[in-house]
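Before anything else, here's the structure in question.
Letters are used for the chains, namely A, B, C and D, taken in the order the chains are written, and counting of residues starts over at 1 for each.
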Amino acid sequence: NDPSNPYWLTEGNVASAEAKKLGYEANVGASKGDTNAESTLIDTAITNKSVAIILDPANASGSVGAVKKAIAANIPVILVNAEINQDGLAKAQLVSNNAQGAALGAQQWVRAIGQKGNYVELLGSPSDNNAATRSNGYDTVLSQYDDLKKVGSQVANWDRTQGHDKMQNLLQAHPDIQGVISGNDEMALGAVAALKEAGKLSGIKVGGFDGSPDAVSAVKAGELQYTVLQPVAIFSAKAVQEADSFIKTGKTGAAQEKQLFDCVLITKDNAAKMTAPFTMTP
Amino acid sequence: MTRPDAAPDRDAAVVLTANNIAKAYGSVHALKGVNFEVRRGKVTTLFGENGAGKSTLMKILSGVVKPTSGAIELDGSPVTFASASEARDAGISIIHQELSLAPNMSVRDNIFMGREIAGPTGIDYAEEARQAKVLMAELEEDIDPMTPVETLRLGQQQIVEIARALSVNSRILIMDEPTSALSAAEVEVLFKVIGDLKSRGVAIVYISHHLEEALQITDYAVVLRDGAMTAKADRADIDLEWIVRNMVGENYHLGTPPTGYQFGEVALSVRDLTVTDAANTGIAVVDRLSLDVRAGEIVCIYGLMGAGRTEMLECIAGRVPKAGGEVRLEGREISRLTIAERIAQGLALVPEDRQRDGLVQTMTVGENLSLASIGAFAKRVLLSRSTERAMVDQSIKSVTIKTAGGHAAIGSLSGGNQQKVVIGKMLTTHPRVILLDEPSRGIDIGAKAEVFRLLAERARDGLAVVFSTSEVAECLSIAHRIIVMARGKISAEFGSDASKEQIMAASGEAVVH
Amino acid sequence: MTNAASTTTPPSRASASGGGFELGRVLLEGRAYFALILIIAVFSFLSPYYFTVGNFLTMASHVALFGILAIGMLLVILNGGIDLSVGSTLGLSGVIAGFLMQGVTLPWFGVILYPPVWVVAILACGLGGLIGLVNGVLIARFKVPAFVATLGVMYMVRGIALLITNGLTYNSLGGRPDLGNQGFDWLGFNRIMGVPIGVVVMVVLAFLGSLVLTRTPFGRWLYASGGNERAAELSGVPTRFVQMTVYALSGVCAAIAGLILSSQLTSAGPTAGTTYELTAIAAVVIGGAALTGGRGNIRGTMLGAFVIGFLSDGLVIIGISSYWQTVFTGAVIVLAVLLNAIQYRGRAKAPAVAGATPAAKLAG
Amino acid sequence: MTNAASTTTPPSRASASGGGFELGRVLLEGRAYFALILIIAVFSFLSPYYFTVGNFLTMASHVALFGILAIGMLLVILNGGIDLSVGSTLGLSGVIAGFLMQGVTLPWFGVILYPPVWVVAILACGLGGLIGLVNGVLIARFKVPAFVATLGVMYMVRGIALLITNGLTYNSLGGRPDLGNQGFDWLGFNRIMGVPIGVVVMVVLAFLGSLVLTRTPFGRWLYASGGNERAAELSGVPTRFVQMTVYALSGVCAAIAGLILSSQLTSAGPTAGTTYELTAIAAVVIGGAALTGGRGNIRGTMLGAFVIGFLSDGLVIIGISSYWQTVFTGAVIVLAVLLNAIQYRGRAKAPAVAGATPAAKLAG
């Protein structure tokens, strides 16, 4: 996926590092969310006679074809971070438990702003079903509090600039909000910048998702209330190990195809524990 | 000679009649109810100043533009043409005043574009090429049908244009200034061709600003003046003087060399100037040419198309690089300077093609006038509007440009006035030497006279003037000295008392009567 | 000012004179060939997998997409226009195909229609042609500059694709036997004698294209109206018709590419094909066509497409960071035109004839 | 073939005659004004929050980015060129700024330099100018068509930005008091009398721009070389110098925009500004400039920028899906030029004079 986001960068780096450790030659490519680019990458992976492909699908449905192609070339595919809408293809799908993470975040967020108030939501790009999963996760929690009203929501495509601009517009439309809940950290940080500029940061609480280094430092600085750490480092490493074991034993060694990794909440209190990007040492 | 209302003589069948055709472009009334007849096997020549409406009338007859009012009758039955190709199918073809060729395509493709000869597999290229060859032979030009048009010089391009019109075996052939870029020899050939066409019963409409030339082939003369017909007559009844009178009201002569003052120092001195062909084929287009012009002197350079005048002048002005020799302006070697620097030094060129090289169509008359000297109006950084306006008005007056004022769009001016703008623009740079490449090209006789008068005045004030021309008559107007160029060399030099025959002979041009 | 002229005189000659063989062209296209060979050589040296039939077929099938777009783009560029909307059209046609494959509900009959694949394909192409026609009408009838018209259409079409799918992606375009609408993935998955269908389609289109350009009146009309529209018009060439047609054709090409892509992925996303128009244009230009119209030919364009495709795939195969790929792509584009420019600089000095002046402008 | 000519005659006159008042212009720009007013009216009606000072300021600060890009773009387009690289330049300048703010390590001195903000800003702008100059040299010296040259540079610059940051985003550009490199967010955060700095910068640039265009020889040269390069050259206009300068200036404008953006976000991402070039071009065109050069002015361009910005922000505020925003943007672009085209269609019919031919072509 697009490595201009630290999240996916770490994903790639950790995986290749792990692979090298296990004595493979790793080759990281970025689809930038374009399914065609992705399938091109798969093709070249096939050409390169790769022993295994670890794929962060660009698109829940769009990537199915690409995966099929790899399977057809009988190269085991292990999916990380995002799922595809068809089971039984990939050897394994290792994803962070977005629903759980969202719930976790939402609860913390409620604690931060209290039981009542108006808020707005920034959504990721709709073609990525993590966006939906997280948004639903938020809603299930927040809808329990009748006094919390979602007065607006905008798609900011995971992007910081858009997060910033859309936040400014939302502020205009809804000056009376207490909170912003965001589908990922980039958008959240964009929102923070916008709020800072409007001098409303103190009054409005922002929550992110991903646990990216920038976000963590923002949490430390108290600009961001919290972020939800996706154990990307963990599961991308795990993915490689499973690939390895599959190549050697023919089994991933995991019970079922879909493996959910629970997310961890990062707040001011435990932000210090972030040793490396996306890795927390308890 | 006869009055317009006089009955048209009957000795040749009228094929095409235009009944009080009127055409208005917005406010401009290009034609105001013109009646016009074309007779089979005869040449009907259309005379008129720039903007008289000649081309407009022809465009209407050939279906290019639709008349605002009026009717056209072909063989007595009314017709209306929705497009040029409809007119062509009806047997009317036209050679347009402005070249209309696709430079990226070969001669063959240009001749047959829009009228492809179908073969079993798409276009029958072989057949087209063959016919193209035949046409070229007929016009006595050895141009390979496959050569891209862009590599032909202007004259040859015009030949291709003519060939295209001939390739349609039409009953009516309209030629709007077909010879503007042709050498006398080429004109000869064209006239021969026209002769054959006449004998084959083709009706021809001919337009030209070269009056004597046109008279050679005229059977019927029609004169337009600002959109209305002022006179028509048989060849037998008319002469040059008659045409000019009806064109411009009174009789014109192009002026005489200004006298009564001494020439100054040598202003421009060219030594062994050599310029190679634009296409880098190494051919010397200008061949070790040397020339001196004194302040206040007017020098005319006569030559055939392709003699190398444009190259020489553009090279002196810094547009094309020189292959050898040196150019001195008032003693200073200027070969190394840029165009801008040469202008600053006092050397100005009025280019051959004003549309392409002279005017900025997107700017107003005033802005065009001040363009070359714009730097002068900058007080510190900003332009001084007032100074500029003053200067513009002043030069509009001094160059006598007929225009609504400095703010008018350049496109709204007639050809002659546009030319004056280009000249005015260069004069505002206060040059010591001014080069004019065919300043009279495509402008009417009235405008010509004014331009020459203007140049004569400036010469009096010590300006050195060099102008090139393709019309002998113009050599014998204001020039103190006439230099004839042929194949890049000076073939002869005359005083203002030379005869047309001498000059033409020296240019390697057959003397035409 | 004569650069366009200079950059591209030779191919033009060639193309314009429909088939005539000439040194200039050999030199120019020779260069493109050379670039291609160089690329292949270098990568074959760097990766054992590069120089294999399998890989070439794969790469070819990647090139196919851009190649097909580029063919349509070439027609438009020959006309002196440009078509920025092909990327979006590609996306929309895929989406429409997906939409139809999902079955169309006709509420007032209460039935769900599952049109067979060929119907879907035709409808998608038709749509592409329609979009192209919109461009054509805007440009030919209303005289809107091509760049702007197609820019606007690009946005609109993209937006529509997103609205239809609500940003989501159609998948499982495989169809179902019981509905008799199977075989959509044929385009993407099948191979004729080992050659992916996409490549076959491209070759066929290329062949048809050069036939039209060199053997038919339409081809000559296109070169003529691209070279000097006024002249063409005066000599009875139906310039407006030509103009509209090329945009329509470009639209159809885009639609075909869209079908191939979505069938390769057996899914259709609304954002597919974003910025592909630029790649297509790059291919055409590397292929020696002039953005001023009238100059260029299919062979060159194909070469251009292959240069771009083989390069970027090669970089992926030897595992170079995707950032470098971006840099290289840019470098190649500049280099390609730069070389032409330099070689024909001498010519550039030649006095351009009136007709050639346009070239000048755009280039400036 | 006379479309360009027709579409844009009036503004040209206007601009060219820098200040001369004319019916044509009033009509044409009147329309842009009208569009803007309409947009404002509609949205004010739909949302109580739209018509507020606060909101206008916010929207203005969004417009500022594109506005600044558009000013540079206008210069290039007046010259008859186009600059596709501004988006990438914007991104890179931000990245460079971020890079410098992080502190430059000089290994052989073993020290880390923290250049003060103004130095950073100047360096970033310098870089932008440099990139522009590369475009200029390619186009003016080597006669590479502007579209292609800037397309290539666009890719290369983007790639470089990605390589420098390795895809990451620099943040915390706030600077640190102890290092004396604070105040980078000044551009993005501060306001002068409530007006965001970005807007102020845009206004200043717009003012300078129109001064240069209407009151200096350079402006006149620009219009001239855009209108007819050959004629300009023969009148002693340093056309190459003009050409290079406009691209350099466009680069600087892009860099400035990049600084403002990254300071608004107090972070600089390598992918910032992607496709902004298209928005900028759209603004210039909606503002009535001709892509053929010689016609257009700053006021129109600013209007164009505001039309686009106010529209898309308005749609966000009334909470319309971002997909509709895409559609509308496209629609507005087409509509704007369409209206001009229709109004001047009558003129369009007039056979263009030779000089106008270039215009025609590019537009075709």
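The rule is simple: a residue touches a chain if its C-beta (ideal position, glycine included) is under 8 Å from a C-beta of that chain, and two chains touch if they have at least 3 such contacts.
Only a predicted model underlies this, so the values are computations on that prediction, with no experimental measurement involved.
Enquirer: Please find the two chains that have the most C-beta pairs touching each other.
Expert: Chain pair with the maximum contact count: C-D.
Enquirer: Distance-wise, how many Å sit between the C-alpha centres of chain B and chain D, to the nearest whole number?
Expert: 43
Enquirer: Using mean CA coordinates as chain centres, what's the gap between chain A and chain B in Å?
Expert: 73
Enquirer: Once you find the CA centre of chain A and the CA centre of chain C, what distance in Å lies between them?
Expert: Measuring from centre to centre gives 36 Å for this pair.
Enquirer: At least two partner chains per residue is the criterion; list those residues in chain C.
Expert: 166-167, 228, 230, 233, 322, 354-355, 357
Enquirer: Touching at least two other chains at once: which residues of chain A meet that condition?
Expert: Only 3, 155 qualify.
Enquirer: Residue numbers in chain B touching 2 or more other chains?
Expert: Each of 98, 353, 355-356 in chain B touches at least two other chains.
Enquirer: Let me know each pair of chains that touch one another.
Expert: Result of the pairwise touch check is A-C, A-D, B-C, B-D, C-D.
Enquirer: Once bound in the complex, which stretches of chain D touch chain B?
Expert: 9, 12-13, 16-17, 19-20, 211, 215-217, 220-221, 223-224, 226-228, 230-238, 293-295, 346, 350-351, 353-356, 359
Enquirer: Over in the complex, which chain D residues touch chain A? Could you list them?
Expert: It comes out as residues 47, 49-50, 52, 54-55, 58, 61-62, 162, 165-169, 171-172, 188-189, 261, 264-267, 269-272, 313, 316-319, 321-322.
Enquirer: Tell me, which parts of chain C touch chain D in their complex?
Expert: Per the stated touch rule, the residues are 1-4, 6-7, 79-82, 138-139, 142-149, 151-160, 162-163, 166-167, 228-230, 233, 239, 243, 275, 278, 281-282, 285, 290-293, 321-334, 337-338, 341-342, 345, 348, 354-355, 357-364.
Enquirer: Tell me, which parts of chain A touch chain D in their complex?
Expert: 2-6, 9, 152-155, 157, 160-161, 164-166, 168-175, 186, 189-190, 193, 196-197, 214, 217
Enquirer: Taking the complex as given, what residues does chain B use to touch chain C?
Expert: These residues of chain B touch chain C: 64, 83-85, 88, 96, 98-106, 108-110, 112-116, 118, 121-123, 125, 146, 148-152, 154, 157, 164, 278-280, 310, 320-321, 353, 355-356.
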